[in-house]
Amino acid sequence: MSNVADWWKTAIIDMEPGRIELRGHPIQDLIGHLSFPEMIWLMVRGDKPTPAQARLFEVALVSAVDHGPQAPSIAAARMAVTCGLPLNNAMASAVNMLGDVHGGAGEQAVELFHHIEAHPAGLDIALNDWISEHGKIIPGFGHRFHTPTDPRAPRLMELVHEAIEAGACEGRYLQIAQRVEAEIAHRKSRPIPMNIDGATAVIFAELGFAPPLARGLFCLSRSVGILAHAWEQIQQGGRNKGPIPPGYLWTYIGD
Amino acid sequence: MSNVADWWKTAIIDMEPGRIELRGHPIQDLIGHLSFPEMIWLMVRGDKPTPAQARLFEVALVSAVDHGPQAPSIAAARMAVTCGLPLNNAMASAVNMLGDVHGGAGEQAVELFHHIEAHPAGLDIALNDWISEHGKIIPGFGHRFHTPTDPRAPRLMELVHEAIEAGACEGRYLQIAQRVEAEIAHRKSRPIPMNIDGATAVIFAELGFAPPLARGLFCLSRSVGILAHAWEQIQQGGRNKGPIPPGYLWTYIGD
Amino acid sequence: MSNVADWWKTAIIDMEPGRIELRGHPIQDLIGHLSFPEMIWLMVRGDKPTPAQARLFEVALVSAVDHGPQAPSIAAARMAVTCGLPLNNAMASAVNMLGDVHGGAGEQAVELFHHIEAHPAGLDIALNDWISEHGKIIPGFGHRFHTPTDPRAPRLMELVHEAIEAGACEGRYLQIAQRVEAEIAHRKSRPIPMNIDGATAVIFAELGFAPPLARGLFCLSRSVGILAHAWEQIQQGGRNKGPIPPGYLWTYIGD
Amino acid sequence: MSNVADWWKTAIIDMEPGRIELRGHPIQDLIGHLSFPEMIWLMVRGDKPTPAQARLFEVALVSAVDHGPQAPSIAAARMAVTCGLPLNNAMASAVNMLGDVHGGAGEQAVELFHHIEAHPAGLDIALNDWISEHGKIIPGFGHRFHTPTDPRAPRLMELVHEAIEAGACEGRYLQIAQRVEAEIAHRKSRPIPMNIDGATAVIFAELGFAPPLARGLFCLSRSVGILAHAWEQIQQGGRNKGPIPPGYLWTYIGD
């Protein structure tokens, strides 16, 4: 019979009636003593961050909460509530869209930094190898809207520098990211600055999060904006709100 | 042409190349200065909480992060990754399940508290009216597993008391909830104590969040556990993991 | 131990290695002998339709496959693939949006027809009772785009008449729907004709499907259009395609 | 302004008030004249199948509707309704799980057949190349439950033979699949027969569907079983039904 109880196994939570322990800590000892970012870290990794680590982790979570209703995810959340969906379903519809192209860039950027770190040759060859395998879009750099600079990235890099001084991290991935940024600028003869995905990827890599968690943590962060927009749309009302105003429909391109 | 740009309207975010403002604040002024819970509050409501409000808000977010793989949402997240889904899709699959019965109890509990507050007659009649409209399950009270007491609720109520002393809230909904708890105990001749949904509903009601936001904020909180479990399952591996071990299948109840 | 195998119970499928039976029929006896609509009917209801019932059922499924990218669901599917989601996730994102307001109108229309059928008073009072409980939008009638007439509804009603002659159904709900249509026209002094949701609701009600299945079967039908649009968008390409062209963004309505 | 109406482009649907054309056909001319599988084909591909093609296409759709509540997708649908989700959200939760490992095997099998077809060397080397790139699991062959034989596959292959005789297809991919089956049996010294994913992949490849559509069409097919199980679970009732019976919980594997 033990195989039934063994079917699901977790080191995250232990429980019996009247007792809940998360990562080995009674929940009543965590509530009121851990900040929300510290709780996120504890749940995902099993240990508690130092105060300096927690501070750096928190700024990454704060920085990516929203980029407006032009993002497919936010638009989806707003459309969903006009279809009558409650907030949980609207949020799910939106988070679902944070895929390889939308929310996955941070994950890819961490992978890129690891790839460069582990590559036996220099940056130039490492970058070429990456491009030949993954295509010419370098994850974490450049922004189609924010030219020349995504305002979130330099602010986050300031805070990475502070975190290095405070002992939260070593700066290894910051250096890699800066070298990538310089190399791309050199190749393109114009700056292609680090964007929000690159900046948060530096932080998550510095703090030792595996690449997929860069995407997972971005989902947590963007869920905040998703919730805010879905709730605002509920208050605005609207029924079956399509992407563009009703007068426009679409272009028929059949024969 | 203005109707196209008018089709989506928001007071949450304003943007032009190189500039992002959230609720009227340049994002670089928020990053590093606002905690993650303060950012959530700002995004959803438009203003910043006081420190005492932020502290109370944070404990509600911390308290509801996980209740184990027996919850359909967590099980869904874990099964999803064994189907090959990346974290965003696994998280969406799980958050989607936080519906009326699973994640909606907090929303219903806030509605119950508002209903009692606004009811012209006493608690007894107000509760009967609620039951005749919504059925006999009183949202926010009783727990099928945690008997006699859900350990999260008394800890949260301690912190509500501290928050009242610190001026974060008035205690109106705490009193209502305590009166409901006493009334149910009287009717059932045994304690049916406040559960996590009731406790967080007290907090969200005290802080002035509308009922649907109790569900939305629960989704943010539980997303943490969902992410942690999905990531743990990725590390454990498994392909197409069903709900129960392969040897059991199901019971066929056809003719 | 039996309670484990008893936890999931179904009359739909029975299975052992090398044997699959659906609703009591070995699957190899169904493949090639049942049409896809007959299989849908068998799976959902447990019995097989008569040929006349199958024909009427099929036209309802065929009629609702698509209404273009202005529908939030179709837009969501198309945006989803530009976020890098594969077809299953794109389809899920879209089907999720077929909520109370978008895909639920057929369910509500069947409920309305049942309500009128069961109401002890005449149509006039039955309709007023419905409106006082559910609001002034009568599900299944009127269309904000197709004025004066949704071309699908009269065609479907022709086929309902043929089905009555062929013995597939009695026409009870067709009559109710026609009386509702006449009553609304009388009240509004202009025609508010039956729409696709009303027309398919007539068919599903005539064939004895419970109201929630009107929504579920609509989801099956619209999944066809969702798949077609998602696939077309994959072929068109695009990355992170927002709802409106990049030049428009949105209107900021904050202070 | 034209770029707004140009933002969404489709050859699938053309529309103005009172007129809906799908793939160039007025919808009222399709309803009652096209079978549901013919409509699916028309929507996805733009042309109509021959009767023999439609018959072969239909058996693939019929064959994959369900494989029971042990499948994560079906379990998710059943759990979702016990969380209070209506059918659209339950169906979405389930379809979302038909990912690379669960619903994507058919897509991979079509890719495998195309890979072998296009490979300049013989089957042996082509298969080795596939394995070195994608791993040792050959999509479309072998079944962890149905030993020795998945009953759906031989029945579908019978119908492929009939379809070749009827001129629906040429049999090129049937031959490739049979050669793969023989090669794997030779390598493993025991039969690893074609499964449902391999069998439907043969059909979809024979009919000229691109690999991703094998997944998309599987989603349509399995949506039928998902709907049936979700509806059965609604009728059975249950609140917050977890994956295994409440008495078992899970195994805590923390320190």
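Descriptive notes on the structure:
When the chains are written out, they are named A, B, C and D in that same order, and each has its own residue count from 1.
Here is the rule we go by: a residue touches a chain if its C-beta (ideal position, glycine included) is under 8 Å from a C-beta of that chain, and two chains touch if they have at least 3 such contacts.
Since we're looking at a predicted model, the values are computed, not measured.
Leaving out subunit C, the touch network of the other chains stays one piece. Within the contact network of the assembly, the step distance from subunit B to subunit C comes to 1.
A turn of 180° superposes the CA atoms of subunit A on those of subunit B, with the angle given to the nearest 5. In whole angstrom, the spacing between the mean C-alpha positions of subunit A and subunit B is 22. Chain geometry summary: the mean Cα position of subunit B and that of subunit D are 36 Å apart. Between subunit A and subunit D, the centres computed from C-alpha atoms are 32 Å apart. Touching two or more other chains at once are residues 4, 6-13, 15, 68-69, 75, 85, 89, 92-93, 96-100, 103-104, 145, 243-244, 248-250 of subunit C. Residues of subunit C that touch subunit B in their complex: 4-15, 23-24, 46, 85, 89, 96, 243-244, 248-255.
Residues of subunit D touching subunit C in their complex: 3-4, 6-13, 15, 17-20, 22, 26-28, 30-32, 34-37, 39-40, 43-44, 58-59, 61-63, 65-69, 75, 78, 86-89, 91-100, 103-104, 145-152, 154-156, 158-159, 212-213, 215-217, 219-220, 223-225, 227-232, 234, 236, 244-245, 247-248.
Partner subunit C is touched in their complex by these residues of subunit A: 1, 4, 68-73, 75-76, 79-80, 82-85, 89, 92-93, 96-104, 144-145, 239-244, 246, 249-250.
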